[in-house]
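Below you will find the structure I want to go over with you.
So that you can tell them apart, the chains are marked A, B, C and D in the order they are listed, and the count of residues begins at 1 in each.
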């Protein structure tokens, strides 16, 4: 489904990605881990088209989409759940979802707002556990609820691939458990790509794990293989356990 | 510098809604309607229609539209002083009509504003006579409004030829039975000097450099016609945009072409910028001679450039040093009242007021019959500070003498000294 | 907590005419027939002219509000399209020797739209303050072209003698009939925008204002949508320009100048960006300050400046926005 | 066009470019540091020119004005920023709108002040710089050479302040994360007030230096604002270097526009801007990421 070959990206002198190659099959659930500054967010930004790569190619379901813009990728079934909540604050939860639902129908519709749209939105809200919250403005929801709404909005575009950027960041253990179960319960036809620091979540969700370090892939395999890989332990697991919950890297300016 | 702003601060505020309930729309639109009718509710002074009976004794309402803001504000103030002084000098009465303080409005150098204020004079104030307007574009803009409202209007500055001529389908403007002019037409201050330089001063070749707008282009064409008639030839032309910020590039080009006699039309800041650049690049020393229409070296410019303009030859129908009894009396009266020297704009406004006054004397103050009022104005002629003044019967443009002036330093002050006179100059327009 | 910003999705189709709609209809009728029922007032004709100009500027303010209030694109160069519409209508009626409304008005609207598309291509890719600066600079470009292209636009002399239109025999040359044309156009514009802001397209615009990055991630080509809104706003501004040309029978470069852009920006802000009634109220307030107050005090521009600062500081949602919040709070 | 004429016109272009930089410096500083387009920039420039006129009238010295006027405008900036802009911290667009109101008030008050009023005036350059000197056998105004020298020194000193000094770094950081900066014990309020005051002072300085060339008349504020905007937009937003590059390009280009296309001189300067934006959407050195 996703085929990345020799992807490069540098900001001035700093090389963020130094030849990353990655293949994710359809329906597979891939986790990407690595210390801060390993290039995870840069990779995500390139995959979603918000950043143009300086080298290498990206293929989505066989089609070369290198350098395509965000909305072109979105229309090809690539959805993203952001690390920081990116919602339409004054709009109600139902409207947030409705906007994603009707994205395919296009914006240039000048009639009234169709009635069935509300029903479809409510169904999705129910799916993510926000049954009664349809009429509440997004800004009025709790942090956990906003993450659930974030997921509902991502699912509303009926994606083929879902990129999850640290879905459990800043969540309480109870909220983390609920969101992880939600993600786990997603249809197996949906390909998942997850960036996550919390190793329990990684091992719970991932079929395979890719480990990034200083812009390069240093390991790629099943959770068991990666857990046993000496290089990974020395470079990554050794360091991370010591520094739990380090602040996420800032998007380069 | 933060990256591209994703959400926009403008709309992120509480109580910010973008849909409209029926009630709000109703409240707002009726509020807008009522707010606008505010002025209507206030009763205005004069009765709606003037009675056909003699209007003797009824106050004569004057509406004067002048610039009190933007770039020509100084001219507006000077003309207001002159208008007020004239009324005061006549003890506030023209013939048997008392003349209350005129209604002044600001043309703000914007044709839209000029139109709105003229409409106010017509609908709201219902003035008997309108005077004023400095900028030609505004005079052209209100021409149709004044003509269709049959409002007698004395143009006291704007010199665009079209205002007092017949033009093809009245573009950009054309003469009107109700419009008179007490100032000049650009032809009058540009053509005679062309003919004079060629025939009397032996100028065989001239180069023209003017301000790139309606007035400047007209003056360039009229000068060229005059020079050619006198046997001379214009070797080239150059234009600088109105309100040009840097004259060096243009004056450098002047110095790079051979023709020594330069004719220019600039006024206000452009005239100042041009004369300073002329001086900085030493054109006089290099044998170039500056000629132009009177406004190039009028008081508002001379007080800033002073002796830098020495030697400039210009043509205008007046100069502060013009020695005739009327000019002496006017200059003394003006200086006594405001301790300022009057400028040509003050003279134009003064003569405009005088024309109305003279016409009222003939009519015994009865302005009820517009056509008789117009004929009275057409027959008006008097001794003005500029010399003999009379209206051309069919174009309503003034017939007046033109003076050739040269800037000299007299008593430590740079002044336009009169060196010659061209009598009874009449605009060729029909 | 008062309802904030949510688009209340009303179920399709209009409900039976509630009393509000009847009142709205009467209000609109009163507005359109103003010159006739006020004829016997002393300065009815002057009031008609002032109200006509308020409505022309209200249309312009509504079109800017679509950009400023809904899509969140603050433009300080909106007069460029107002001027373009005015010139196009005037030149069309001159060059094609016709007064037909269905020729000159569309000409004004189309030229303004084309100009909006041209400038929009540059401008919509930027946002916030950079967008503001670009629109200001491009509008000055239109102003200087109008000021210097003497043989097309009449240059600094302006374009005099614009012929008032007629439509299938109805002549709009009389002040009353022209007023009706302006009032009807205002109501039509308000209705169109009222429909648009409640449609999915309107909701999309608001969502782009709220979070353009998210909208792109959902598959919306936000640059194209912003360009469409920019062109639509340009078209309506062109309509206002054409109506202004008919009203004053004159077009000058100042119509596309920075002064007009700032005036209409102040109108939308004082009235209430993001509301439909706001721009109309703002137009009335500013024109009354600029025109009526100006005849009585010399420092009317200072008053306008101070009022504007107060609104930016204290009542950022403008008259209508503040009234709506107070009304909602009063209703509890 | 003889080489001598070409050289003279080039000199005209460079001096006009230097003038544009002096004009735009204040706007660029405030925008680069505070993410605010100070639309009162033209009004501050105009006020500076008229204050200079009064100072020259009373003290008879241009140089006194050159020092006094920036201080006066800086003081005004120290009042305007805390009084109006501070209340809108973080709401950059509202801060821009406030400056529109400030501009409307200042320009109207200048018109109303008796001895300033609306008369057309000029600020005489100091006697030392009033004359002309011969260059390639042609007289050339000394003052225009002074403008070039002044512009270059101003550019160098601002660049030094901007890059190397602690204040420059602090201000740039402040724009991004005022809370974090104040958490480090830096008084951001004072910092932004000083920045705005410096921008206003630079506008005043431009008023003194540019007035002898551009003259004093109503409408000079809009002209100065538009010219500064073009320079900042062309040069690229967010960097002070942008204004230098912008002025260096726009100045000569505008002058040659006046030479080759005089009938469209006004329009030509915008055509340059549009061309630059076509090639580089965020200006020559712009750092604003324009949406892909």
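Heads up, the rule we're going with is that a contact is a pair of C-beta atoms (placed from the backbone, for glycine too) under 8 Å apart; a residue touches a chain by one contact, two chains touch by 3 or more.
All values derive from a computational prediction rather than experimental measurement.
Colleague: Would you say B-C or A-C is joined by more C-beta pairs in contact?
Modeller: Looking at contacts between chains, B-C has the larger number.
Colleague: If you average the CA coordinates per chain, which chain's centre is most distant from that of subunit D?
Modeller: When every chain centre is compared against subunit D, the largest gap points to A.
Colleague: With chain centres defined as C-alpha means, what is the inter-centre distance between subunit A and subunit C in Å?
Modeller: So the centroids are 42 Å from each other.
Colleague: Using the average of all C-alpha atoms in each chain as its centre, how far is it in Å between subunit C and subunit D?
Modeller: 33
Colleague: Quick one: subunit A and subunit D, Cα centre-to-centre, how many Å?
Modeller: That gives a centre separation of 46 Å.
Colleague: In subunit C, what residues contact two or more other chains?
Modeller: 4-5, 7, 74, 126-128, 147-148, 198, 206, 210-213, 222, 298, 301, 316
Colleague: Which subunit D residues reach two or more other chains?
Modeller: Within subunit D, residues 35, 92-94, 237, 263, 266, 288, 290-291 contact more than one other chain.
Colleague: Using the touch definition from the top, which residues of subunit A touch two or more other chains?
Modeller: Where subunit A meets two or more other chains at a single residue, that happens at 50, 69-70, 86, 89-90.
Colleague: Subunit C touches which residues of subunit D in the complex?
Modeller: 31, 35-37, 39, 84, 87-88, 92-94, 96-98, 100-105, 107-109, 112, 222, 226, 229-230, 232-233, 237, 263-264, 266-267, 270-271, 273-274, 277-278, 281-282, 288, 290-291
Colleague: Can you name the residues of subunit B that touch subunit D in the complex?
Modeller: 1-4, 8-10, 68-71, 73-74, 77, 212, 238-241, 243-246, 248-250, 252-253, 255-256, 268-269, 272-273, 276, 280-282, 285, 300-301, 304-305
Colleague: What does subunit B use to touch subunit C in their complex?
Modeller: 4-11, 13-33, 35-44, 48, 68-69, 105-106, 110-112, 115-116, 119-120, 123-124, 136-137, 140-141, 143-145, 160, 169-173, 212-214, 217, 241-242
Colleague: Which positions of subunit C touch subunit D when the two form their complex?
Modeller: The contact residues of subunit C facing subunit D are 74, 76, 122, 125-130, 132-134, 136-138, 140-141, 144-145, 147-148, 212, 222-223, 258, 262, 265-266, 269, 298-299, 301-302, 304-306, 308-309, 312-313, 316.
Colleague: State the interface residues of subunit C toward subunit A in the complex, per the touch definition above.
Modeller: 1, 4-7, 9-13, 195-196, 198-201, 203-204, 206-207, 210-211, 213-222, 225, 228
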